[in-house]
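So, here come the structures, one by one.
Okay, so chain A shows up in both of these, paired with chain B first and chain C after.
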Partner chain A sequence: MAALVLPASLLVLLLLVAPMLLLFRISLNEFSPTQMMVEATSAANYLRAVQDPYYRQVLLTTLAVATGSTLLALGLGFPTAYWLARMQGRWKSLATITVLFPLLVGNVVRAAGWLALLGNGGAINATLLGLGLIAAPLPLLYNTGAVVAGIVAVVLPYMVLTLSAVIEGIPRQTEEAAANLGARPMTVFRRVVLPQALPGVAAGSVLVFVLCMNTYASAVLLGGPQFKMMAPAVYDQFVRGNNWPFGAALAFILLGITLVLTVAGSAALGRRYRC
Partner chain B sequence: MIISRRATLAGAAFAAAAGLPGIARAQAKQVVVGTWGGDYGELLRQNIDAPLMAPQGIEVLQDVANADPRKTKMLAERQARRGTFDVSCLSDTDMHMMAQQNTLETLDMGRLSRAGSIVPGLRKPYAVPHIYSALVLLYNPDKVPVPPTSFADMWDPKYRGRVGFSDILYSTNTFAAAMAGGGGFGDYKPAEAKLMELRSLDAKVYPSNEALAAALKGEEVWITPMWLARGYMWQKAGIPLRHVVPSEGAYAIVFEAAIPRNSRNKDNGYAYLDAMLKPEAQTAFADRMGYLPTVTDASLPPEIARQISLSEAEQARLRSPDYDYLLRAHTDILDFWNKQFKG
Partner chain C sequence: MGSLVLDALGKRYGSSVAVERVDLDVRQGEMVALLGPSGCGKTTTLRMVAGFVEPTAGRVLIGGGDVTRAPPHARDTGMVFQSYALFPHMSVGANVAFGLEMRRIGRAEREQRVREVLRLVRLEGLEDRLPRQLSGGQQQRVALARALVVNPAVFLLDEPLSNLDAKLRGEVRMEIRALQQRLGLTTLIVTHDQEEALTMADRLVVMERGRVRQVGSAEDLYERPADPFVAGFVGRCNLLDGRLETPGRFRTASGALLPCGAPEGAGGDAVLALRPEHVRVAPAADGPGRLVAVTYLGPQTEYHLDLAGTRLLAVQPTPGAADPMRRLSPGDAVSISWDAAAARLLPAAQPDKEPDA
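Right after this comes the complex of A and B.
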């Protein structure tokens, strides 16, 4: 049976682990404007990333946007997931496809849609200007709100589908029993549904948080040139600055922090679930 | 063993599908050109690929991306025996950087029938010049009735909030600030104080040239440093704009083409570079995009020449960037732009 995991493991080893080892080696090199990089074994790139207030701020922005977007996706996704899980009959598959529908559009195309909606000459501003409700276009684009809206639209289907798969496994009778014993709907949710759905909350949040931490297209296109998250900062170092060692160090810092937070978050929720 | 024609074709098709380009490529004469998309890529197709390369039996495959990802690809492949591109199109500053990184072939000018027609000031050992333009100050004549004369005019408080920059032109924007602050082609340091001053005057930064064009059209932005050729295109598109060559200095940009050292098809690469230098191809770029020809025998219609050409005095002041300085200072310029000016 163990042999069954061999093909997938080899593929991951070849396409993920090997390039990451190479990238880690690059992160220890020194940058040289004329030679691109010089072989070295130094933690200087990591130290620079941690000590530079600019990159600390980029990291904090990334964490804040990722946490906020995950919580928003959870808040918006849970009721939808519950409704989807409890749905019966042929409408259920149609509703599931509708939830999946946004995933059929690429991130960049979706962000372009937001640009057409939120831009100074976009649909919202044009309508408000046309109705005479505002004198000048509202700055709807190139701010944190636009980025969070763009990200949540991308990650919501992942949250809904993960949660709904878990909620489907919660016996309806437990809710009915609680209601029968006099629990109000909010109490049923808080004491019966939510504790049983926690594994789904943990899985969905981890999945969504990882996606949010690595956001690129939404951050660049909707955040504008002044808004910086980690993934665009990594790209900037590699592609615009040609500073591969520092870009690699930033990438590993992003990877490390995402890993620590997701493991810690899952462990905390896991403990709560066992209680 | 008898190998049938059908089996051979099937084998070649399999080789192509399995990503064995050497075998698949041997079937036809091809040249892979790393280029920008949009108008530039389209004009290459219309004026070089179809009329000049196809009759030679050479199929042109465009590998389209912005300059930065293509540079990164060349750097990543520089140790590889076989690279992606047979011809690489980049700006002069980027091309110099690629030459310094030892990614480019030193050209054998004897293999280019058009080499003798290249404008002498634009000749390089590692690339041919394709088109060129100058950095100018674009302004909206309705909003700026008294034409500006220098980069320093952007700091006039009456233009508070009306100066705009394209983020991708961070290097030339920094140059403009350096010149306004008394710096030079080899000294961008004075730009730091000047840019921070402009930041306090609410200068705006747009993510792309297209976003800046939209802001110019909507009259959110009145003044911007930009390539003359872009200004010409935008004027043709109905955006109210005029240009002036700033008194501090005339910065030239040349878009060049070169053959990477690890090109798999250098003969076809040379044929492509030669075609890029043909007068008819050069005139087409001037007409549509407003770039100046880099060969001495390409003639421009007088109306276009009037709009995109520089006066003799301006030509005399036109200078290429200090490539070596930019190679060393590039990271600091980008860091300052990102962390201090935009931060």
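Right after this comes the complex of A and C.
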């Protein structure tokens, strides 16, 4: 058996690990405007990323947007996931497909949809202007709110599906038992459903947080030129600035912080609720 | 008026009827069993009492108060679920204390009452365990303790023994009955196991396809069944279709003329109900019956018989080793008899028809 799975495993390992190692090596190189990349072993790129107030701000924005979007996705996703998990029969398949449906459309296309909705000539502003409720278009686009809306729309299916898989495993009768013992619906949720759903909350939040931290299309298209998150910043260094070493360092900082936060987050949750 | 009253209680889902109409009056401290095959509406009836299913007709009264439209948390019932439904993330102590917490009972009294009830169900010292660390029997007793600790006005048991192995089931059955009697709990138990119902309940309600077929004590149901369904469901019974030809004479559908306990009247389709233990068998070379099969069951022996085309089952104490009965083998001719009074005449089974929507 081991002999059968070994070749494929090695290939996967190679495909996953080799680019990372290469990227890490690049991040230690130096950049010269004339020679592009110069072989070196220095932490200068990392120091610059941490010390430069601009990149510190980009990182903070990324963290704030990712945290906010994750919490919003959790708040919106839980009721939907619960409803989906407790659904019966053929309506359940239909509802599951409906939740999955947005995933059939790429991020860029979905962001374009938000543009058509929120833009100055978009559906909302056109309607309000047409009704004479506003004199000038509302600035709905190119702000943090638009980016968060775009991101949540992208990550919500992942949150809902992860949560509902766990909620389905919560015996309905434990909820009935709690109600039978005198618990009101909100108490049933707080004392019986939520504690049993915590593994799903942890898994869904980690998955969604990682996706949010690496947001690209929503940030660029809905945030506009002034709005910067980490993934677009990495792209800029590689493609526009041709500064591969600094771009690689930014990528590793993004990776490291995401990793540390998700591990710490799920460990804290696990300790608190023994799940 | 009883402490639990079901008044013309019914439940329909669209045009299909889950419970047609249940009228029941459970006295304070009485244990009543809802008995019937799966799909007969017994669980739906119990869930209407707990408030998990909203009735489409009739009323539920607990302690004289109408709770038909009250949500589950506002009803004073304590339910033991078939799956126990223990809270897996809470310790045994927290599980049992949950209902007391919901009733805003102070910590000191809560702890005291949890300790008492755990002693009652012989689980003292296991407060800090998680449910998954307990055996099935122990989990079942936690579920009992959790429902008992709040002193519910009505105690509800939904097939509480079906997840236990056969040996444990017998023990727990006696334990629950003893607790129920000692605490004077008004109890409704749902079961499909007639032995469980017969041994635990003061009265039984036999249900079939959403209807109550008969309400009575174990003796009532076994010795005086109201219809062929009850006769066949409670204990084993020979049920023969036919008609009463003359007073005391029953003509089976296959043509045999049999004695029965109906000294008056004649005519009309009927069912003859004859308990197997009332059928006597004896070797007789010129007997009208024929032995089809013999099953030795230790203290008892079953005889599968053919009487002029009619199949009959007889169950007799196993005869001694020297008895000629022991040498009977399939195909032998036998004589078959019973006391006419033991053969009860019941109304013919209603033809299957959908209840009108």
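Please note the rule applied: the second predicted complex is superposed on the first by the 263 of 275 C-alpha atoms of A that agree within 3 Å, B and C clash if a C-alpha of one lies under 4 Å from a C-alpha of the other, contacts with A are read in each partner's own complex, and residues count from 1 in each chain.
In the analysis below, a contact is a pair of C-beta atoms (placed from the backbone, for glycine too) under 8 Å apart; a residue touches a chain by one contact, two chains touch by 3 or more.
This one's a predicted model, so the numbers in the text were calculated from it and none came from an experiment.
In the model built by aligning both structures on chain A, chain B fits alongside chain C without clashing.
Of the two partner chains placed by the overlay, only chain C lies in contact with A:Gly182; chain B stays clear of it. Taking the C-alpha centre of chain A as the apex, the lines running to the C-alpha centres of chain B and chain C meet at 150 degrees, rounded to a multiple of 10. Once the two complexes are overlaid on the shared chain, A:Pro195 sits against chain C while remaining clear of chain B.
Looking at the shared chain after the overlay, A:Leu221 reaches chain B, while chain C stays out of its contact range.
After superposing the two complexes on their shared chain, the closest approach between C-alpha atoms of chain B and chain C is 49 Å. According to the touch criterion, chain A has no shared surface contacted by chain B in one complex and chain C in the other. By the touch rule above, chain A contacts chain B in their complex via residues 31, 33-36, 52, 54, 57, 119-121, 220-221, 224-226, 228, 236, 238-243.
For chain B in complex with chain A, the residues that touch the partner chain are 68-69, 71-72, 75, 97, 100-101, 167, 205-207, 214, 218, 220, 327-331, 334-335, 338-339, 342-343. Across the complex, chain A meets chain C through its residues 171, 173-174, 176-185, 187, 191-192, 195-196, 273-275.
For chain C in complex with chain A, the residues that touch the partner chain are 50-52, 71-73, 75, 77-79, 81, 83, 85-89, 98-99, 102-103, 146-147, 150.
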